[in-house]
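Okay, so chain A shows up in both of these, paired with chain B first and chain C after.
Here is the complex of A and B:
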């Protein structure tokens, strides 16, 4: 088999358009599921056993079922309950719920890595609780939480391909649409893969920056 | 006669069935330095944490400068203070921990200005000016840009003292401030504390440093099993304690030193 990329320039705009949707979906899910994950992590440590139990139960369910099934619930199921969402918002909702519980695990172990004394010292100074969390505690979860966080973020990026199932015009579905016309699936798929790789690299750069940020601050002891 | 600035009244604190504090009462006068000694697990550190309500007492009261900690006096009688008001009360009591607990992701300067800005509403320039003055006082002039991990233990503890002082507290609580330090770094921290004591700061110091207790404290309190066993001027309590339990504790310390 020989590869022929001569037809690629004509299809690149369509692929880039798909990539833009992929990026949009990824960023939306990251922006929503990150605070969602913090909330899940905090609720897992709530004083009320009922609340803790409910969160653990929800975590077990939402992390345990295929994300595609969740996507179908959001797109085909919710309308039956009176909430009809266009494809992109439905995909954002489904992936946000799904990822919030994964991020919840990440942040829970991150929070556990921050010494109790940090909470005490901040409380002794009289700092308001939200400020303790946002300024003192959460930044300190970065060294422990960053690698699994980025790895989950990569899962989100790749997972956006699932949204093709509810007709979100993201990169993978754009690629499919294009090669059906050009009859050069191999070349188109290679280009699509390259675009994914570039987007992945963005996340890895984020990780590097985070690691550099925490390196000087890491306690030597 | 002046009123005590810290007044602990019949405070009890339990952890499950363990009595960490058993009906403890203690008055501290303004400017007084009280050294609290006793075996580990005797309740000394718990006492400090109940004073600023990091660990509220199960029974009893703590008064700071004439105000009852954690309780609001309303028209319909006393009620629990809101989280916000409790924070404000707590911020008037400085605390220094055994393991410093500096915020590692903040520079020294950020450690010192965070609470004055967030709790006291100081502007950044005002908080920075205060912080730089305090750094000079603890012998760390110009180190504001360093991160805690770049400092020695003794330097970190001096930053922690400055961080507490930046809130201009009425009382300073020290929870074994030199126990986590290498022996050669203990002196620099104790010197800062002595200067603070000479400056008139009211201090409660949980410590194993008998030399510090003897030189800097006005009074020594000996704790055992959650109770105050004996209290008195350092010369008397450390040299000729009247209680057998105090004698036994001090003898054990002496043996360890040799």
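Here is the complex of A and C:
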């Protein structure tokens, strides 16, 4: 049996609508999990050993169980605790928590790449701690953290496919909805795969721009 | 916490789901590892005509969500007359995904061994396969273990996707029990505990393997 793409033009609008939801979900998680990751990374270096231990334990748990299970938990479990969320926010919440801990690891190693003396020097100059963090330390973590950050960002993009399991109308579930009607899964999946590839490429271009930008910044200073 | 009486009727199902998850993990790791190693070696030390198509294939798979890859095997293949049981379809999809990512991890470790080592072996007249087996791999192996185990844990978690192509794995059994009893967090927590236990074992193996390699390297140096 050969491939037949003649019916594809009629289903492309449905797939693009799904792609828009995929993009929305990816951006929402990226925007929320990035500060979440910074918070996790900072808490891992907190002075209180109890707090440090709690964060590392939580990180181990959240990175050790399948994201699909976390999605089910947010979607089916939280309503029993009095928090009923529609599919999209539930998916955003689950993936944000999950990715925050991954980003936490990325940023922790980024923070470790900045020499301790930088903190002391900035403190000696009388800069308040939050400004030291924002203006001195974090900008220096960018070169070390950017490549793993973007590769985790593409993980988010690919991970959004899981949201199909909790009825979020993103690209993968749109594709499935279409091919159970057309009975030609292969063609529809190829088109969906191509859309994912384009979105991935967008993130990679972002990484290249980001790396060039941070290299230029360093050259200037 | 709800009584054991809520959990008890579903306990055998959860255990059989866990057993399916263990089997899926075992087979995907067992099959993906040699494939990944072959791809990594071909791309790093093989001829260009082999390296280039493999690079394209690996990166194509890495661009896609795992779920789409599973859908390709489970829903797409029957269109070409290849009809697979859910477990087989899920295994093939997970092996393809796992091998693609794992080959990248291994490539990094192989590339970290200085190129001069292979040239020196060639200058000494060692056959290439021999040089790869006795010079390159023993040096690359210790570097491979940490990313390999990280990948193995990701792959074990990834087996939960099999529940989306109707494999009755741990995730599938846990969600089924939750939707019948309306007690989602009980069963999801139990499933989470099982996954953590499985990954804990892998982490333990990693620690043992790293210690073993450190020891064997020390004896080699002595």
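The rule we apply is simple: the second predicted complex is superposed on the first by the 214 of 221 C-alpha atoms of A that agree within 3 Å, B and C clash if a C-alpha of one lies under 4 Å from a C-alpha of the other, contacts with A are read in each partner's own complex, and residues count from 1 in each chain.
As a working rule, a contact is a pair of C-beta atoms (placed from the backbone, for glycine too) under 8 Å apart; a residue touches a chain by one contact, two chains touch by 3 or more.
Just so it is clear, the structure is predicted and the values come from calculations on it, not from any experiment.
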Please work out whether A:131 is in contact with chain B alone, chain C alone, both, or neither, and reply first, second, both or neither.
-> first
Contacts of A:77 with chain B and chain C, given as first, second, both or neither = second
Look at A:216 in the shared chain and tell me whether it touches chain B only, chain C only, both, or neither; answer first, second, both or neither.
-> first
Examine A:66 and indicate which partner it touches, taking first as chain B and second as chain C; both and neither are also allowed.
-> second
Name the chain, either chain B or chain C, that contacts more residues of chain A.
-> C
Chain A-facing residues of chain C, complex = 60, 63-68, 71-72, 75-76, 78-81, 153, 157-161, 163-164, 171, 174-175, 178-179, 182-185, 188, 191-192, 195-196, 199-200
Residues of chain A touching chain C in the complex | 1, 61, 64-69, 72-73, 76-77, 80-81, 157-162, 164-165, 172, 175-176, 179, 184-186, 189, 192-193, 196-197, 200
Tell me, which parts of chain A touch chain B in their complex?
-> 115, 117-118, 120-129, 131, 135-136, 139-140, 142, 214, 216-220
Which bits of chain B are touching chain A when the two form their complex?
-> 52, 54, 83-84, 87-95, 97, 99, 101-105, 114-115, 118-119, 147-150, 160, 163-164, 167
